[in-house]
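Sending over a structure as structure tokens; questions will come in a sec.
By letter and in written order, the chains are A, B, C, D, E and F; residue numbering begins at 1 in each of them.
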């Protein structure tokens, strides 16, 4: 059962990644693309967790944590650049 | 998988090279970044591809993928980060000093400011 | 077995919400509404998967790890800030101050607040009125 | 296993950070420490030469790991010689940098200088292919810092080009190492040599690719045509002393080619044709383009840069013979051309300091014309390979070594014809700079030297040294380099014997390989 | 005195003027003269031995393995030339002392002159052709300096360059010729080479060697068609002309031909090349000399002619001709040096050397008149002067020579040459000294002081004495020299009267014809003017200008500063060479099975490819490009995780975010859009190159991934021993800090240097023009209010400490699970970046006075000390140790010394990243950024604000 | 003294928990180390968090969190329904200005975060005096209702907790 659930979840987040990709390519403005990138990183964290469950390993936890941190920082940085130009002022 | 990875390496390289061939520093920096992604993947690939066998020793005793290329890539990543930081800063400096962000050396680098005197008459 | 069911349910729910969140990114009509979908659904989606993992490892392998909880909490902590910033960026780039409700008489929203600064929209209007663009 | 083998790396690696930590704001202290450090380095290099003179290859196992698994440092005659050459050049040029006041036109000159030395020495010492890459990067990044020392729009832009091009080179380096590792499964050069020798013929494609890519990497550093484009603007825009130090940087590339193609890929079935078909033609073109550039440029800095390219051409012709005679000639010529190029760049800087710019056109007669002209004359003789200085002897050696070579007529014709061009061009430049200006009248009274460099941040003031920097130091440093050339000429016999011993050691790599792989005592 | 010391004396003399510069002109002259004199004395001491047929040698090992040795020899030829060089050199030193004016830097002149003298003496005393080459080129160099001595004269500079170029060219050809010759002979020592006649002439390389050596000799001795440089060298001060261009340097070529005469001569090649060249030069030079107006130019072409004469004699290849050549060398040196000095005196006193402006000096300058006339008559070959003797011998030899079956061809031309020679010699005397005195001389001419005329007087006395008593005065020297030249003992009978011989008839013909031509001189000048002659200087100038222009064009076109071209060349070179190397080697084909492709990685791959494509398409929108960098970084990191490289993923993603932050900081000041400034064609070409490179590189990666290692990789050892010997389970980390810790040491140094460079550059920028520009900076984008939003500030107060804890965790655990000092450093940096973004750099910096310089220094030193620590245990640098420490009340934990190293890495990374950010934000602050006093702009809890 | 040692006690507690979760080993040694971290790290970051204040009624936090968690789950279903089934044209997005009674930045942040994480709303901006919050609603046929819910359901509770 868990295997099917995993496949379903893989599929969902894989699809989700594709949607994000679509929004990166076709977007009216920068903020949409930043949003899509942020969402992408969240989806990737999910995929990593699924991978961990699938392979029965906790080896990839640090990566997930770091992805979360990095996603946050980079999103804020992009947005702040749009807002102020200088991201550290 | 090997096909995908080599495709990705090729694509990153091609994009990187194309950007490096542009005439503005920012594009060149972007190209450098792309190229360093490509080379990191390439170097990593020399250890051959294995899924879910990170070289972190466990009780099961393996299998493990080749750890050495990973260590090399780590070193390469750090170094190329340092290089990128310097080139970004230098590009910024060149822009601030020179007023434009072209990559090519201007004529004034090769030719004297005033008309050349007669070569033969020296 | 129960754990397996719970984990499976969580995985399916997580996948579903994750997909919906990203689908919203594609489907919804304007940038402000698009912002809603991922800030919630994706967060809950990944949260569900993480919780599934949190349950799965002790149930299956007998090792309890709290890492997933940390990630979930971290995502919940930061998601509002990223949403906030993207919204501000969007306001700055796509909205004029008079299209928004007024917070209080004589007051403005922080994004538009500084008299020295101006939004892209204001600027475009000013430029159209013929004044010199700033370099 | 003498710990002094690693001293050429550790010494600057300690002095550099110490300067940053404790002498950040005291230029005088920086100068004293930095020069003392370089002098000490020269002392160590002399000791290491004495050590290497015995003919043994000395191995230093870092981290006490046995050879192919850990990184080893290797001290043989060639690396010892290169260390000494580096130290001597660096010492002389550093004195010039202090004397001319260049070192205070920006921050961290001396720290970067030390790191530069660390990188160069590390590259010469290592016995590990990837470690060579790392130290290439150390020396490169320090060179970036030094290259833009003092700032200025043109210099920065040239710096951007320099970095960008070398980043591409570094990328290629990694690719080459990756390919070689993917075939041989090792990074240790001696181990790689063994494995290359045992490589089955049906497996050579990747190996050859790796070898050629590696050669191109070194060709980039050595500025071989058509990978030389980075050099002219970089050297012409670099501060004089930095350009002078860079004279050793191109040699690092040459060193890499000599090292790898004598040790790892000696000319045998696996690598056949690589050198003959690629390296020799490239060397000839390099020589031609370099020497033509001497005539074709209108800027003295670029002139010196093209001279450096030309000398690399000559050098690589000798290297490309890959026989003991050719290598010996290369070693001799390498010493000569490093000193000569260093001196020429310093002299150009002196001219620039006196004239205001380096364009080849009518200028005011410069103060101190006679002295600089004399120095220029000597350096030009050395660079053009005119008798009696070591350039001529080096050229004779190269011609002698190429006499049995298949393309001998082409090689000799190129060498001789381009020599003529260089002679003409250097004479022309000299007569414009030093003679023609006399049409304008007598030399002006020497003006006090202009304010040196930009002011620094008020919160971290560099102690001003009061008076203008002592110019005698600058002249003395040029004289030091020129006297090195004279010594190399007068002592050509012993120098060539040393070069021949070096070449003999290089062309008998078995001893090298066995000393690396057998030094297993105390292995973890 | 050792020949080596004799050769060295002039060089020692060259140092003296410099050392005695403050003592005045006389001291300089005397010191140089002393050096010359001692050398001459030393040389003369060897005369008895040489007359006895000995060869005095000195051998010094210089470069034995090349065959270049400082071997010197004095034989008859060397003696002859040595006496000429030193003897006339002495006279020139005296003459120059009086000739040069007060403004001329005399010390420099004497230095150059002595350098030249040394070089010349070196040529004639060398017993090694490579050594000879060195001195040969030295004469070119020193004559370059001497000709250009009057720097302010354009003719001097041009003449100097021309002489250097032409003779330098010959010298270079000679290098090749000498190397070949030495190779054939098996030695570079002249003594050995002279024994190798058969071997040399039988060798297939004889002709190339001959041609190359003759090219050197001809250029130096101004033989047709290289004769043109000599007249232009006349811009030199007259002492130089007298010395170099009559007596010594131009004789170097003759010397060389004489020196190698036993080896090279006697073949048809030798005869036709050398004799013909000499004949043509002789006639042509004399012809031109007849029409020259400038005295020195006339003498220069006459010199060309006489050099041709001697060359022709040497070319005949007979011993008698060689004797005549030797004799004429002596005679020409005496009368021509005297003539040049005379011309110099005339120039000095009358202020002009133009024949048209002279005449009638006979009475005004009687001493000069006598000297000049005697020398000129000798040049014309009038008996009983020495010129007559050797000319007679020449005509006789010419009478014997047969050219391509024509028995009298050479004789006819030689007679014509002699005829012209009579004409210009008499013209010299007639038009300068005879006629009525004029009143339009630039200066008022009168005889100079004794100092100036003494030197030519000595020579003229010799001219007369040799003419009258040839056997006594010069016979012994000619004997010795001719013996040396021919290699067999020669005892020619030198006498004034040989009876009525064909030579005498030819001589008479020449005399009569010459006088006739002089009478017809004005008409001849008209004819000459009507004939269009190619001007050799114009040709030379055109050639050098064309070469220079071509060089300029090539250099400018090739190295035009285009980065794009450099990269294109780089890419194409790499691709072509790589492809060539691969395709010429063997490949077994794929030996490894493919990993199956899963759908999710496929999606990730698609994302990566699409992002790359977008990057190319959208790169001109720079901010968007940075977002795409973010996607690519994310995807690359994920693929690292998928392919079992978690450490790589951690590093890549954190480096990626720091890079993006850096790029954003820089982009604040850069244009936000890239201007499109390449044409479609260039873009298509670039796309082609890029595609080619991508295909090549991708294919290479594919081949590698499908091939097996040829040998077991060394990493197997690392996997096996990481835990046992390195004390860590994360093999990658153990490799980084232990197996290959030295790499990491270098790597953190790179990072530290990068930060220092950035810092130094920032300082320079802020202090320079950019600093001013920044102070007046106007932002090019619209800026929103609320720099430090409340919500970010508050959340960061939580995120920062948590991130620090995470960083600590990653640092401590790195040895066993993914992580380590490097990633920890990046995580902490990223955390600090978030703090800076929240409340601004200045605000945060005021509260955290960490000096990032110190951090970098401390990091490198910490790593270094950990490495050096091993020395105290008697181990090599970076030898690590580890153990398990158990603190009371706690469970045991591992402590590896490698951790100290890792700490160094951590500190260095942190310091470097923060110093770089600090630098960029300082630039931003310069551009009008204000320092905020509060952590957030809007703080409703503070009622006071707003 | 305690204040000086523990400038932000709740942060210290959080960090202890974070560390324990990270090392994932609930042993005495780890706890000791966690406590050390819990003390040292807040001290290091204290300068960035000036003006430490206590909380009004911290015991109400769990209840609040429960409400929010429940609302998040609800919100997800709501958003999913809108995303999947509401046609583009039928969407009624709206900007809502929420006047604030809260004054502490932490409280305002908490409110804004809650709004973002819960049904169909995203907090977008603060007014320049910090007394109003700009909220965007994805589908708000009745903006006043949303405003009321924010004020009563979240803001009132937060005011109790923080002030």
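Note that in this section a residue touches a chain if its C-beta (ideal position, glycine included) is under 8 Å from a C-beta of that chain, and two chains touch if they have at least 3 such contacts.
Nothing here was measured: the structure is a model prediction, and the numbers come from that model.
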item: Contacts common to chain E and chain F (chain labels); value: C
item: Chain A to chain D, fewest steps along touching chains; value: 2
item: Chain whose Cα mean lies nearest the overall Cα mean; value: D
item: Per Cα centroids, the chain farthest from chain F; value: E
item: Chain pair with the higher count of C-beta pairs in contact (C-E, D-E); value: D-E
item: Between chain C and chain D, centroid-to-centroid distance (C-alpha), Å; value: 55
item: Centroid distance [mean C-alpha coordinates] between chain E and chain B, Å; value: 35
item: CA centroid of chain A to CA centroid of chain B, Å; value: 25
item: Centre-to-centre distance between chain F and chain D (centres being mean Cα positions), rounded to whole Å; value: 61
item: Multi-chain contact sites of chain E, meaning residues that touch two or more partners; value: 154, 157, 161, 544, 548, 556, 559, 561, 563, 567, 642, 646, 667, 697, 700, 704, 713-715, 718, 739-740, 743, 747, 750, 753-754, 757, 761, 764-765, 768-770, 779, 783-786, 789, 791-792, 795, 798-799, 802, 806, 817-818, 920, 938
item: Interface hub residues of chain B, defined as touching at least two other chains; value: 20, 25, 28, 38, 42, 45-46, 52, 54, 56, 68, 75, 79, 82-83, 86, 90-91, 93, 97, 103, 105-106, 109-111, 122
item: Shared interface positions of chain F, touching two or more other chains; value: 18, 22, 112-113, 123, 125-126, 128-129, 131
item: Touching pairs among all chains present in the structure; value: A-B, A-C, A-E, B-D, B-E, C-E, C-F, D-E, E-F
item: Complex contact set, residues of chain E against chain B; value: 154, 157-158, 161, 541, 544-545, 548-549, 556, 559-564, 567-568, 571, 592, 594-597, 601-602, 605, 608-609, 612-613, 615-616, 619-620, 622, 625, 629, 632-633, 636, 639-640, 642-648, 651-652, 655, 658-659, 662-663, 666-667, 669-671, 674-675, 677-678, 686-687, 689-691, 693-695, 697-702, 704-706, 713-715, 718-719, 722-723, 729-732, 735-736, 739-740, 743-744, 747-748, 750-751, 753-755, 757-758, 761-762, 764-765, 768-770, 773-774, 816-818, 822, 909, 912, 916, 919-920, 923
item: Complex contacts: residues of chain A adjacent to chain C; value: 1-2, 4-6, 8-13, 15-17, 19-20, 22-23, 28-32, 34-36, 38-39, 42-43, 45-46, 49-50, 52-53, 56, 58, 61, 64-65, 68-69, 71-72, 75-76, 78-80, 82-83
item: Contacting residues of chain E [partner chain F, same complex]; value: 785-786, 789-791, 793-798, 800-802, 804-806, 808-809, 813, 835, 839, 844, 847-848, 887, 889-891, 893, 935-936, 938-941, 946
item: Chain A residues touching chain E - in the complex, by the definition given at the top; value: 10-11, 13-14, 17-18, 21, 24-25, 30, 33-34, 37, 40-41, 44, 47-48, 51, 59-60, 62-63, 65-67, 69-70, 72-74, 76-78, 80-89
item: In the complex, chain E residues that touch chain D; value: 61-66, 68, 108, 130, 133-138, 140-141, 144-145, 148, 151-152, 154, 157, 160-161, 164-165, 168-169, 172-173, 175-176, 179, 183, 544, 547-548, 551-556, 558-559, 561, 563, 565-567, 569-570, 573-574, 577-578, 580-588, 697, 700, 703-704, 707, 709-715, 717-718, 721, 725, 738-743, 745-747, 749-750, 752-754, 756-757, 759-761, 763-770, 853-854, 856-858, 860-861, 864, 867-868, 870-871, 875-880
